[in-house]
């Protein structure tokens, strides 16, 4: 299967970029959880396109309609289903290159996998648009976690060669551009503008931290928090890497440098550093859970590219039209929070089974 | 749950470092697959400790006994279960610090998660020893894949600051030290020796490539090959990051640099470069599937460390005795092949359901 | 979880009796399967209420809208989602007894399970109305199976004390009242009319046979065809028992009577009798797969009943108003076919993984 | 897959009748649960063969060896694995008819499913012997449930045409022959002796009740207690039917007869009758959960039977040698308790996720 995630809750995402609607079903949310629909909408807007000049002009709206699972503003225990109608679509933009796969996109692999029956318009089920239902589910989980004292914060860690500065300790959600260091944010936006002018695109990295987590979440071996978070984060298109705590940098350290010494703080076991990213043996240790994801540059670029005709098996030139973000990293930030929230809430519910 | 992996096959790993046995059950392998037990044993030996001066001296033996699932040398369709008896164990080595968690290990998180009921000896279920059953399952999958023209190769990409050179295009399995460049391998071994002399340890990175894969494996969104491989690779202790293709480096490239142009080679669609690591939209594109995993330095080091008494909630000094690898990266190489083989074979069986 | 079924396909049902919509998501259907929407509609109508004087007068319409998963009339490989809007609802009918659980319904158990947050109107997620999305999924599977030479037929086996006569060998789908023996069908309809006049209701049994199945479907132990079919059939409200082949009658036979002798027919292995219902060791043997389900009488009856006030914890009288079938058995017939088709198709896809 | 069960715990059964061992892995049992190994052994002995003249003479012993998951007498949180060595086996008994499938057994379907690679000796993975690991898992769950005030009781409801009398309200576990009415038990034993003298066998029905269950367990639609229990009970070989509460009898009742009126008893909501078997809408209502399973007569009978040569595709006579129970119903009684306990405990853990 494919489009489902979770062990204690179950998220199922459906829809194609140009199908009548996209949406999600979320099973396993206990009855009686409050949903603040306005707060959910504000969260969704952080992902929405068309807000900025570095973002695609397509007006998605993204107003989720809840079909089931709620009574008033509270979950009723039944599966939650919410959909977003696909309104402003231009399928004809895509018809021209249905046989010419766009480099970096799933056009070619979808053609092979689905024998030509795939819905190629706008990338079909592979479209970045499918992160909207992810954000519906994640937005709900974020609200539930918040009531339990757990917060998910994130930022752009880098775009191209520009790095954000300082540690990630506060939410950047309210900022126009989600970096800790404002100057770094300005430089990133400038870099994006330059890439767009060059008919090109940029990638980057997003950093995410989950604060307020109790120790003891997650399971050994394949059920570790790293496994769980990676398994959902790679569901966000364009993610090509993930690391926890010191991550790839840890591979260059000595044990004496990388090990996080245990200390007592306020009568509680803590670690002096957090190279492990809050996870030991797959289980949370009560420190912030920290991870970073690498996001490749938007594959849709305005300049001409080399492709092939999949039917004739000949080489061909391709120019991708339509509207595309020169950099999707800013919009990936709330998606990363959504993914983290879903994985963490799933583990949190699993933890309840062990308590007596 | 925790210790299970897979959708079309189901791997379940059990055992603790010092329980009577460790083992695995593998469900879903079709009947009639041949198992070459000698080849399996040779594969297991690549993971076994005690072969080298950079490895722990514990003699594990690691001769798997098959309890079920085979008739002679062929799978019979029933679940395969194989165990390895835990012989040469020294539980008393661990009793001393059952209240003093070792930094970088799961001792503390296991204590919280299991309320003190965990089997702390040797790390219990969190022990690196549990990669032996992973290698039994992986070794079987590797043999099946090989008969279908699919090969998994890997190498040490780096240890500490020493990098292997050149591309990974051939198997290093037969080499004493699995690098492509022999000089780099010598330098790595020297670095490990130095770390051990300093009572310290080293981490590194492993690179893995799956060759001969058909295009069309994997599923969209959460069922992508990246999700599947990450979900199993993080089950290998000490892995703190994973990246596919250009990975974190892709985040620094422009779209025009990172996109892999399509070309026709021998009448087949191929890509000129392979920055995507053979995966587009989560689906294989027929190019080598390439990933790298970051492995943190062995947390067990001989020098004194800061810890806490988990019961008294006071700070304490800890010196880890016993036998420990100053660097587990060489032994992680076959584990990575095993993990990749299991994930790929699982996806391959899933692919059969779609064909008509 | 709850509202999901399947191993190789995954059906997820959502909605409440009076939520904006009900619907289903079906993952794992291979791309390129044709859907005849008119045939699907005709199948849905066999379940629809309001067609007959023995059925509730609520006009459901039940026109499924496909939100995703199709391109034209073919599946595109992405999850199929279809919804049915809830139009003609009268929530106020239910408000009166939100604290008075209706005997035989899930009102009380839902109150306990969901702490009063359940959507009580019309039975919420427990409503028989949720069999409409089951029939969407089942109707699609029936079409796919038919193209592979597999047919699902069924009939009313009994209503109250009236039994249908003769063996189930032909489809009753086209009949006004789905019995093999027309006289028995007339007597059943008369019994239903009498029950309604008495402000009461009737139960019955449905028999289902899957014809044209290959031998070798299903898995041992918990994956047997009996387990799989029972696990979905009990998802149809009011089902309280299931039996395969001779079923409960087999418990009264001797081994020499119950064993089905093997014979050769047209060069193929067959059994002389079919007491095992086409299943040996959980695996199909190539004979018709036969099962019967017991359906309790509609719990909603017009006469006054004893209930309790769940809040005050006092006893109370209850009269259920609204519109209700005096017998849901006729409408359960297509639901049973749907359930059987889903279970069989799921097993059929699983079988593909074993073939080489 | 096949040999796994459970959502919140995960039971995996492995082994063949004549493989080196049979066993089970049970994941998800919380750490700190006490296991009384002697009580477990006593429970296992109720299933063991060779105790009675109505049972096979094979000495199985059935002493489980725990390989993992425990520290002393307490679960440690890691997966529990226990095995039973296969000692007293006589594979040669079976070699003679490896091409002649025994009527009523899985020999033929296994041959088709596994293309001749199956382990045919003693029925392989389909053997009734595989209920021993089921009883290990069930025995552990029974102990845990008992500490929470939940008890599972059962009895033989019928053998051949002999019915047990009176309601099932007390445990029959300590009795030589598990019926409520002693005279009925004597008549059953006499019927079994007669069947054996006639070189024939008998089937029967087992009734099971779970007492002390809280209301609110189970999930709607496919997650109902009926679905869950049926999905495991059909994993016991020879079960061909299951019914809950009034079951198939409910199909003959009117709604006014079958509906269980709600009453207040000791300040709690109860029902006057229990035709629903303690389950409404799939969810427990706090009354005893009651079900009955139909068990076909032992297919292995001493008289000559009609079979076929699967290779030559010709008809052939078969006489099954070896040692076989003329009636397995008495041994099925503890298996049914085991199955019920596993399903109920799984649901109970799931319930914890919903509580706040």
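Worth pointing out:
Lettered A, B, C and D in written order, each chain numbered from 1.
Here, contacts are C-beta pairs under 8 Å (C-beta built on N, C-alpha and C of every residue); 3 or more make two chains touch, one makes a residue touch a chain.
No experiment lies behind these values; they were computed from the predicted model shown.
Looking at B-C and C-D side by side, the one with more C-beta contacts is C-D.
Of all chains, the one whose CA centroid is most distant from that of chain A is D. In whole angstrom, the spacing between the mean C-alpha positions of chain C and chain D is 26.
Averaging C-alpha coordinates per chain places the centre of chain A 39 Å away from that of chain C. A separation of 45 Å divides the Cα centre of chain B from that of chain C.
Residues of chain B in contact with two or more other chains: 1-4, 13, 28, 31-32, 77-78, 110, 113, 125, 220, 354. Those residues of chain B that touch chain C in the shared complex are 8, 28, 30-32, 77-78, 220, 349-350, 352-356. The touching residues of chain A, when paired with chain B in their complex, are 1-5, 7, 13, 101, 103-106, 108-110, 112-113, 123, 125-126, 130, 158, 160-161, 195, 198, 200-205, 215-216, 219-224, 226-227, 230-232, 234-235, 237, 239-248, 250-264, 267-269, 271-272, 275-277, 280-286, 294-301, 303, 305-308, 310, 313-315, 354.
Residues 1-4, 10, 12-16, 19-23, 25, 27-28, 31-32, 65-69, 71, 74-81, 83, 110, 113-119, 124-125 of chain B are the ones that touch chain D when the two sit in their complex.
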